[in-house]
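You will see two complexes here that share chain A, one where it goes with chain B and one where it goes with chain C.
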Partner chain A sequence: MTDILSPLPGTFYQRPAPEEPPYQTKGAKVAVGDTIGLVEVMKTFIPVTAETEGVFEGYEAEDASPVTAGAVLAKLG
Partner chain B sequence: MTLEILKPGLATTVQDLGRPGYFHLGIPEGGAMDRLAMRAANLLVGNDEGAAGLEAVFMGPEIKFGAEMSVAVTGAEMPMTLDGEPRTAWTAFTVKPGQVLSFGFLKEGARIYIAVSGGIDTKPALGSRSTYAIGALGGVEGRAVMAGDVLPVGQAMIVPEGRCVPAQLRRPLEYPVKLRVLPGLYWHRLTEKSQTAFFEDDWVVAPEADRMGYRFRGGQPMEFVDRPQPFGAGSDPSNIVDGCYSYGSIQVPGGLEPIVLHRDAVSGGGYFTLGTVISADMDLIGQLQPNTQIKFVEVTMAEALDARAHRKEMLHEIRRVLS
Partner chain C sequence: MNIKRLFIANRGEIAVRIVKAAKKLGVHTIQGHSEADAEMLAVKLADESICIGPAPSKDSYLNISAIIAAAKATQADAIHPGYGFLSESPAFARAVEQAGLIFIGPSADTIEKMGDKVSARLAAVTAGVPVVPGSDGRIDDLDHAIEIAETIGYPVMIKAAAGGGGRGIRIANTRAELKELAPQAKSEAEAAFGDGGLYIERAIFAPRHIEVQILGDGETAIHCYERECSLQRRRQKVWEEAGAACLDDETCAALCASAVALAKSVSYRGAGTLEYLYDEKTKEFFFIEMNTRIQVEHPVTEMITGVDLVAEMIRVCGGERLSVSQDQINKSGHAIEVRICAEDPFANFMPWPGVVASLKEPEGEGVRFDHFLAEGYQIPPFYDSLLGKVIVHAATRDAAIDKLIVALDALSVGGTKTTAPLHRALAMDADVRAGAFHTQWLEQWLDAGNLTEKGDAA
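== the complex of A and B ==
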């Protein structure tokens, strides 16, 4: 299991836009560099990407929720 | 002498203490959001307090040094390593050519200040090296640093390693963070109920907060005293005939979310400003993360001046310790 951590504090989004599906779904294969979600801060959306490959286990942080730097956003198996 | 930016962080900029004197022309003072931390970082490495360093918000940059120099990092709490070896904040250390400084996750506060002996020696604009990104002024081509930027560093002596600012002079954050406010010119525009609610409500830092202004949400919408809007003021009761803004003034567009104007703010406009965060607490705002709980606390002019004097004493003490 690998935790995907938030690089900075802000608001976490699981999806690129409110009407779009989440970036990842449980069981999906994730490659290095794949986007997991977005963190919004200072009017900027920062993509959070996977640093290792694996199988997506699920989101730990809720959509549109406040997160701190280092918070666990999702898990890879 | 130079240093190279390997990774820029989020919005890392060259900052000094700013460019006062042009606000009436619409050019903000700019400069470090946490001035005490910037001054302390410079003093630690033997610089003038007004030398330029790097301000990094929420995420640290990765820096490769091109020469031997003294380095100090102050402000927010963010673990750091030099070639993988931990280094301590608020303490001077020496780097050798080719060594790389990196940062871990932000733990507390919002902005770190990285000073190098000799200071960052980019070309001043209107008397300051501070980056005012919206005006494309100062710093590196008027923008935040990017990977691959090589920044000039002034020539200076190496200072002894281990020079340090004692913990009691670092002003830690206490939650909820209290921001002291002097009610101002347009305070009378709010109903008594809204005046009371402003100081009683719990506010949190909105994620949009940046160098221009810190926005807060969570409190009740404000109610205004009825009046016929003066000519040129627009129809919303939070509008005024355009006036001057000051550093620290609090505008509330639509009466909804207070915005405290900070170092890169506009100098005037048509929103009423209910008061001003006192100068002694402006550094604290520079260290607030999104979603931090705060309270606005009403003070008098006498209390504001006392607080300012207290901040000055703290700075004198830092100067004394590091002299």
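== the complex of A and C ==
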């Protein structure tokens, strides 16, 4: 299991836009560099990408929720 | 004055500024804040505070009903909206009025009128204020396009009437070019938008951004001279000056008079700014829009005129007449403001919401630091990155730049990255020193790699 952590404090988004599906779904194959979600910091959206490959286990942080730096956003199996 | 208890519906450095101005007037201050801002400086300085909702702006600083409810619960008689957030929302101004409170700003109708590009342009034309010359409507055939271009003068910009965001814009320098480009633009607009209507306006290359500060009490209006804000990145101002060194006295007088004419024509109340593009080659200025609120860069005007703009806007909205007349407003020396943002200028201006580990403020005669920082303060990541502004005032522009360098060297914000090194490098730059810049200058300067880790110009 690998934790995907927030690089910065901010607001975490699972999807690119409110009406679009989440970036990842449970069981999906994730490659290095794939986008997991976005962290909005001071009106700037910063993509969070996978640093290792694996199978997506699920989001730990809720969509559109405040996160701290180092918070676990999602898990890879 | 009719205002005894003022509710501040904003945050950050402007909330601090408003609390201080209100206290100076003897007004009781009530600071509204989000859950994430309970520890901010304005909360500590205000007489009382109240939470208006969760961290996201839409649930707090943009939540009209929550703000009105909080203002009523704290028996406020007026609301100051600051800048950004709801400051230019006619719906908010109307809701405040309907709740029986005073909105610190112009009427909802004026905000609505001046906030719409088309009606603002019309109001300007009616008041005799120059606007960017163009076809006041769509053009469907080439002969009409040539006729308009010859009236407004080349070069002209050809835009799709149905387009937006700069798509499909063409520049014609001569009639021959227009004959060639207009049909191309028309067919492209038809293909892209299903509408071949075109719009033509004068192309102004490398314009400078000049603006005029006005104050009105609903009956009369005055100006507090001009500012220049040409140094911008991504359409955000980063460095602002008062006055504008590129204007001669005659042009400056005409510019300021035009702003007063427009303010008077809408019976303006409060503080406002008229923004213009200035073509240095032809010495022409063109109104582009009006901001019906206090602006981030208002301190440079305060430094050269001695007028407390925030106090004045509270007073006139509280039913007082302007405390100063036009002949009492004199310009003295030159002022510069630089915006200190929590961003790393060496990493593409990446936001940096750190904890303020240490804070050293610049001080001295003619130096002002408007901010909302304190040691140990966690800068919230939920809002924009502006931390404060370093403002300097001196007898001449050269002396002001020298003073700015000293002030920036004295400033130290530990625990976070800031844009201070960018401003130091700009202050050391020969073009900036010479005032030789325009609205696209800064982005070109950054793209060319002029900002180095050394903290001065390469």
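To be clear about the criterion, the second predicted complex is superposed on the first by the 77 of 77 C-alpha atoms of A that agree within 3 Å, B and C clash if a C-alpha of one lies under 4 Å from a C-alpha of the other, contacts with A are read in each partner's own complex, and residues count from 1 in each chain.
The criterion applied here is as follows: contacts are C-beta pairs under 8 Å (C-beta built on N, C-alpha and C of every residue); 3 or more make two chains touch, one makes a residue touch a chain.
All values reported here derive from a predicted model rather than from experimental measurement.
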Touched partner set for A:Pro7, first chain B, second chain C, both or neither: first
Which superposed partner A:Gly33 touches (first chain B, second chain C, both, neither): neither
Dominant toucher of chain A (residue count), chain B or chain C: B
Partner chain(s) touched by A:Pro21 [first = chain B, second = chain C, both, neither]: neither
Partner chain in contact with A:Gly58 - chain B first, chain C second, else both or neither: neither
Partner chain in contact with A:Gly77 - chain B first, chain C second, else both or neither: neither
Chain B and chain C footprints on chain A, overlapping residues: 8-11, 40-44, 46, 66
Parts of chain A lying in touch with chain B, wherever the complex brings them together: 5, 7-11, 40-44, 46, 66, 68-70
Residues of chain A that touch chain C when the two form their complex: 8-11, 40-44, 46, 64, 66
Partner chain A, residues of chain C touching it in the complex: 36, 55-56, 342-343, 350-351, 353, 381-385
Touching residues on chain B, where the partner in the complex is chain A: 10-11, 57-59, 105-107, 110, 207-210, 289-291
